[in-house]
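First the structure, then my questions, so here it is.
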Amino acid sequence: MIPSSVNRTSRWLAVPLLSAAVATPALSQEDPIKVGILHSLSGTMAISETVLKDTVEMLIEQQNAQGGLLGRELEAVVVDPASDWPLFAEKARELLAQEEVDVIFGNWTSVSRKSVLPVVEELNGLLFYPVQYEGEESSENVFYTGAAPNQQAIPAVNYLMNNVGVERWVLAGTDYVYPRTTNKILEAYLKDEFGVAEDDIMVNYTPFGHSDWQNIVSEIKEFGSEGKKTAVVSTINGDANVPFYRELGNQGIDAADIPVVAFSVGEQELTGIDTAPLVGHLAAWNYFMSVDTDANYDFIDAWIEYTGDEMAVTNDPMEAHYIGFNMWAEAVRKAGTTDVDAVKDAIIGVSVPNLSGGYAAMMPNHHITKPVLIGEIQDNGQFSIVWETPSTVAGDAWSDYLEGSRDLISDWRKPMECGNYNVVKGSCGGSEAQEEVASADE
Amino acid sequence: MKIPPCLRRMLVLCLLACLPLAANAQDDDGQQLLESLDASSYAQMGVAIEAIITSGDERSRGWLEALLGGKLQRHKETGRFVVVLENRGRDWPVVDALTGEALGEMSRRDLDRLGINNALRGQLQGALAVLDLQADGVSERRQAARALLGDVDATLAEPLTVVIDAEEDAEVRRLLQQALAIHRLEEGDLAAVDALAGSLNSRVRSALNTASRSEDPGLAAAATSALADIEQKMKLNRGLETLYFGLSLGSVLVLAAIGLAITFGVMGVINMAHGELIMLGAYTTWAMQQLMPGQPGLAMVLSIPAGFLVAALAGIAIERGVIQFLKGRPLETLLATFGVSLILQQLVRTVISPLNRTVVTPEWMSGSIMINEGLSLTLNRLYVLGFALVVFAGLMLVMRRTRLGLEVRAVTQNRAMARSMGIRATRVDIMTFALGSGVAGLAGVALSQLTNVGPNLGQNYIIDSFMVVVFGGVGNLWGTLVAGLSLGVINQVLEPWAGAVLAKILVLVFIILFIQKRPRGLFPQKGRAAEG
Amino acid sequence: MWLTRPFRERSTQLFLGILLAALATVTLLNLMLPAGHPLHVSTYTVTLLGKYLSYALLAVAVDLVWGYLGILSLGHGAFFALGGYAMGMYLMRQIGDRGTYGDPVLPDFMVFLDWEALPWYWLGFDMAWFAFLMVLLAPGLLALVFGFLAFRSRVTGVYLSIITQALTFALMLAFFRNEMGFGGNNGLTDFRELLGFDLRSDATRLGLFLATGIALALGYVLCRAIVASKLGRVSVATRDAEARTRFLGYRVERFQLFVFVVSAMLAGVAGALYVPQVGIINPSEFSPIFSIEIVLWVALGGRATLYGAVIGAILVNYAKTVFTGVMPDAWLFALGGLFVLVTVLLPKGIAGLLAYRLTPRRLKRKPAAQSSTPGEASA
Amino acid sequence: MNILHSLADRDRVFDFLVPARSPVDVRHGPILYVEDVTVSFDGFKAINDLNLTIDDGELRCIIGPNGAGKTTMMDIITGKTRPDSGSVWFGSRHDLLAMSEPEIASLGIGRKFQKPTVFEALTVFENLELAMAADKRILPTLTARMTGEVRDRIEEVLATTGLVATRHHPAGILSHGQKQWLEIGMLLMQRPRLLLVDEPVAGMTEQEMERTAELLTSLAGKGKQSVVVVEHDMGFVRSIARTVTVLHQGSVLAEGSMDQVSRDPKVVEVYLGADPDEEAA
């Protein structure tokens, strides 16, 4: 492994230089269209992200089977940022600067997106982000195909309030930005819209991978014995869910007493849980594997065939990639080129079918329209859909329920071209305008 | 003794609100009942469920259970009602809902599920509980009666009194009376407060809480004072509960750390792959359950030896492959075994799956046992606590009472001397490491019941394990036990007021400061030898 | 002067020569050659190299305490991260009102988590001198307090390793908490400029790379000077026979504390140089696994050589970059296998391999050469 | 701490020119008093009411069966172990129980361990350099330079201990006997007033033993060092001893010349009929 002839430090320094130099060939028209995939294949997030990498690879395969795009073949460029946030930025730079990919599908966690964001903006790339997130962001170079809070959290709370009659709320989440923001929005929403008292809301944060839920579940039980219908809104992330639900089941909290509605638990997560004690707990998503449409069944069949696993499941972020990929392909066709600026302009307004029988359209704020579904967990690890919004909901980058962002809107069409336009001040509050002002002053 | 048939018949009559019995119902009737279930709104479904309950059709129980489990489905083209036997995968085996005739497999594309929501689920469970009140087993009747707490409404109240009179078991009677009292309390009956006073049941407290906000000042005052009494009793309960939580968390720490106390404490190997050995034990449990579908309990029991063996074999491989070359370089075992841990993790990811695996909780491990109405101990954790103690006792026996234990102690104290006395030190090394690793495997078997079974399982426990061993004093099994349990209790006592994260930070800071005070842990090895 | 002593050593001259030549080559290849040229070094590569160099400085800091003092710190990531956070806080303050919400003082994450005002520990970080001072002081103070407690009570060996691990683990959990005011899991990101230089411009990136290289050179010389002094020999004595050293009249705990604090500060500087180059600092830098990895770089390169630490850090991270791109599914096998093989087969690391190839010749030429002993070098 | 500083300062002022280096007050004769010292580990009394007096310049041998408390006694004198009761004085001015190990070391008590402990990674020369009496605070150590005087002193000790030829070898490759001498040499570098030597000839060849005996006898003497030797080897003790103290079960059993002691029936009994269980200290 280590060539024994090398005994000078200089050789080691020279290696990366040479390899870097070799890896930058000029692109010609005959070259394939490069699609970067930036999902963790190792580390803590591999559990969620690996299937997304497979999804994009499958979509690329399907597209190539149909003759590619603009007569060119698509080629996947896969890198592993290894659940390491600085590495995400580095790998994004590698994809854009070294590999010169035309588009990136990637990221799961908020922090990885935040890490990649400056790179994508600096190098003018395209990033499709497929996961539900906290909002409060709208970048010119990022397309958010997952749900914003108003496409998941708020409808779910409406459902609990109106259809289940919940009066007391536990907002439990993992301590990071998505739960923090979502819970802040929900708290404000519950108080402003429904007049829920401070006493009737309990907020609780736990660290990543929290595994001992005894105390918290016991507290929730106590909180729920006040004689008012109580529900838990869970933004608990990934691995912490299994022990959480187990503890719920074992302490005898069933869905009829205190339902839990989760925003981060999908079919994928449920494959690791014995769902029998969880039947009836809820999740809010924009897609469930159990959606009864032909498009969905076809997608599932293709997925099972692709993975070779009869028991393979699909989930919401996979649908988001499905939508995002098709939108991007459509925009490339429309623009007739993979040029980032052209695709960015062309994609706004593009509408493609989703898997739940409707259409998803790209809005000027780089978010898409989605139906909101509430599902109850079944004992086979699937959700049965108990409620859905009558029509699709457009994603809102800036929440109406947060002090700082109430007045902000995002519109990337000309002439506004601003991700955080302040309607009260009538100016673009973000960096570009300020920078122009600043540089004009100098 | 059972309820005599005539009485039962009378009860059913009452329950059914005097609807005509359809003892030999026609299939058309059944078809019709099920048709009405396939309604467009949940409200209509509720009415249909009511109708099925009152139909007296002997198949109704099966239907209701299938409906509750989401197994009652309808074939899209033929409109035939079927019950799905197994709903995993794409094609499901089904039987006809009306005749019970097996229909082979159907694609899930062709089936429509009769979906229910939580409100209907509550209604169904209530209905099934009422039916269960006539069950033969006392425990089932108790369970049914407990389920009725808070779910009694006007229509049920009357027939329930009949049931109470006929019931032989005092506990069932008491529970049913409480259920009735809750109903009366909801109707504003002041006397009901007395009947409920002193009960620690959460639904009773819930009902009293509601009553304490009642418009009727008398009722509100009575309910409030009853609640205050209950609150007093609950305090002791909460203390006990916290202690149990602490011991339970502690037992998990002990289990995770005890194997390390052997490999690290006795052999001096800083085994960073310890967590992955735990992971292997957990995966063994999963594999055993895959090998024995439908018998999670048996698989669980068999995974105890299997998990031990798998982890021990992996341990032997690590010892032979890596550690034997690092004799006398303890800190370097840390580095090499860290490499091993990376490999094992990725191995599991590649060979099995990066996703978590489902380990089913056997029936006898789920739920909780009730100490009193307000305090119940979760069974899975109770088993883990017991298991930890058994493993600990077993290890102590091995170390104190067997030839192996003696040889291990001899080799660790003076390797050269032991060898000259004819002890094969190499063999002892292998056995010791295998023992420590095997115990890690046992921890994995237990942890599979508490947490995720996935590639990251080991990483979550490795640091805690080292803390426990060091806090307890390296080389001392008792120290590990006491350290694990006390850290668990400290953590759980702190958690309610500090929050989960801060509690953990405080525990870590406590360990750091404690080590300053006693640099060799809780139970240090004493004497001149320890200074070496 | 004890500080200039290393410049007279051949190994240091060689090391500095190679390092400076590499810096110059990279700079020239980056600036002089057009982007399409096969030998052109892209700014991406420059930044990558800058990251490796900051890791190398961190590894040198770890080697100083582990190699020469015998303290296996599994918590050096904490000092690195603290230095990084100090720099990150300065960079955050430099964003000013260009953040998403346009608040002139509060960083974005504070705005949407409803912070009314800057917490006290953020004050002063808008001034570069203060922030740079904190890059040294924050890790230095932590090391001072922690080391004072630990060395005073003679916590040694594995116990010390484990409590350093507890330290960094506790800090990680603390920094994950959003209430702490350090941005929680998202950490600090979206930096704009450093000392007025645009962080996104190629020139700044090259400048940062050079600064890191020079910091590495200076750090190396400082460590070499310490190691070659009598204090360095006391350290080695402490490492090999702590009780004996104490009986000779040395206050071992003070020497340990001194070296530990110096090492922590170096780690802090490494962190501060790392952050602007990778563009984010978040609590995962505190993770115990990262700290173990640093130790592995040192072990791989060769303990107690300093230059071995540099080789190890660059090599492992280069391998990581290559493998995560070339074989994303299997790179952990390669990395894990590398660690196992090196520890088992190369107990003295790559530096040991190099020394092995060099030693026989030297011994033949000049048995018990005087110039090869540090004692003589100081004469 | 102040004591340390003033001592260090004094060391620098007097440097190596003045023979009287340690401020120890020996005007009353004895250099070490050990009075009524008791220490127990987990209830086992390792030292039980021990009384011992060493005169200035004396060479004293201490013998006793395993577990008699010899090493523990040394631990107490050097500050490594604190007794439960009793007092230990160095000269008539310094209460050793109130001092830390480095303080005691810089007062002029040097100790050689049972197992030879030298700094194996450093050369013989460097080992002696570190042992040198000098300012041992951090910054002076960091900036210390090799002076001619230091070099001369090291050469002198190298000559005394017969290690001249090995001066640039790493101490780790020395033979067992050479390590023992190096360690004694390191003690000499400190210019101690009192040398505590624990089993100096264990594992030595006949020749090496002779050399060691010579070395030790040449060291002791009025105005030079007092030397306390703990040893098992009776032949060796007989060859160097003037006064012998016999320890048993943590206290003094007999004291006198070698002949007197070996005739003492109590001593004979202890050496012939010692209960093996008591050795498991």
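Letters A, B, C and D name the chains as they come in the text, with residue numbers starting at 1 for each one.
Just so we're on the same page, contacts are C-beta pairs under 8 Å (C-beta built on N, C-alpha and C of every residue); 3 or more make two chains touch, one makes a residue touch a chain.
Worth saying up front: this structure is predicted, and the values here are computed from it rather than measured.
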item: Of A-C and C-D, whichever chain pair has more C-beta contact pairs; value: A-C
item: Central chain (distance from its CA mean to the mean of all protein CA atoms); value: C
item: Most distant chain from chain A by Cα centroid; value: D
item: Distance between chain centroids, defined by C-alpha means - chain A, chain D (Å); value: 72
item: Computed distance of Cα centres, chain C from chain A, in Å; value: 34
item: Distance from the mean Cα position of chain D to that of chain C, given in whole angstrom; value: 43
item: Between chain B and chain A, distance of the C-alpha-averaged centres to the nearest whole Å; value: 31
item: Numbers and ranges of chain C residues touching at least 2 other chains; value: 173, 176-177, 243, 329, 332, 338
item: Numbers and ranges of chain A residues touching at least 2 other chains; value: 41-42, 175, 205, 207
item: Multi-chain contact residues (two or more partners), chain B; value: 346, 501, 504
item: Parts of chain C lying in touch with chain D, wherever the complex brings them together; value: 2, 226, 229-231, 233-234, 236-237, 239-241, 243-252, 254-255, 258, 368, 370, 373-375, 378-379
item: Chain B-touching residues of chain A, taken from the complex the two chains share; value: 41-42, 44, 46-47, 50-51, 163-164, 175, 204-207, 209-212, 214-216, 218-219, 221, 224-228, 239, 242-243, 246-247, 249-252, 255-256, 259, 268-269, 271-274, 276-277, 279-280, 282, 292, 297, 300-301, 304, 310-311, 376, 378-382, 384-387
item: Of chain B, residues touching chain C in the complex; value: 264, 270, 272, 322, 325-326, 329-332, 334-336, 338-343, 345-347, 350, 459, 463, 466-467, 470, 474, 501-502, 504-505, 508-509, 511-513, 515-517, 519-521, 531
item: Partner chain C, residues of chain A touching it in the complex; value: 1-2, 4, 7-10, 12-13, 15-17, 19-22, 24, 26, 41-42, 78-82, 84-87, 89-91, 93-94, 97-98, 109-111, 114-115, 117-119, 122, 136-137, 175-177, 180-181, 184, 205, 207-208, 402-405, 408, 419-420, 422, 429-431, 434-435
item: Interface residues, chain C side, partner chain B - complex; value: 72, 146, 149-150, 152-156, 158-159, 161-163, 165-167, 169-170, 173-174, 176-177, 243, 288-289, 292, 295-296, 299, 329-330, 332-333, 335-340, 343-344, 347
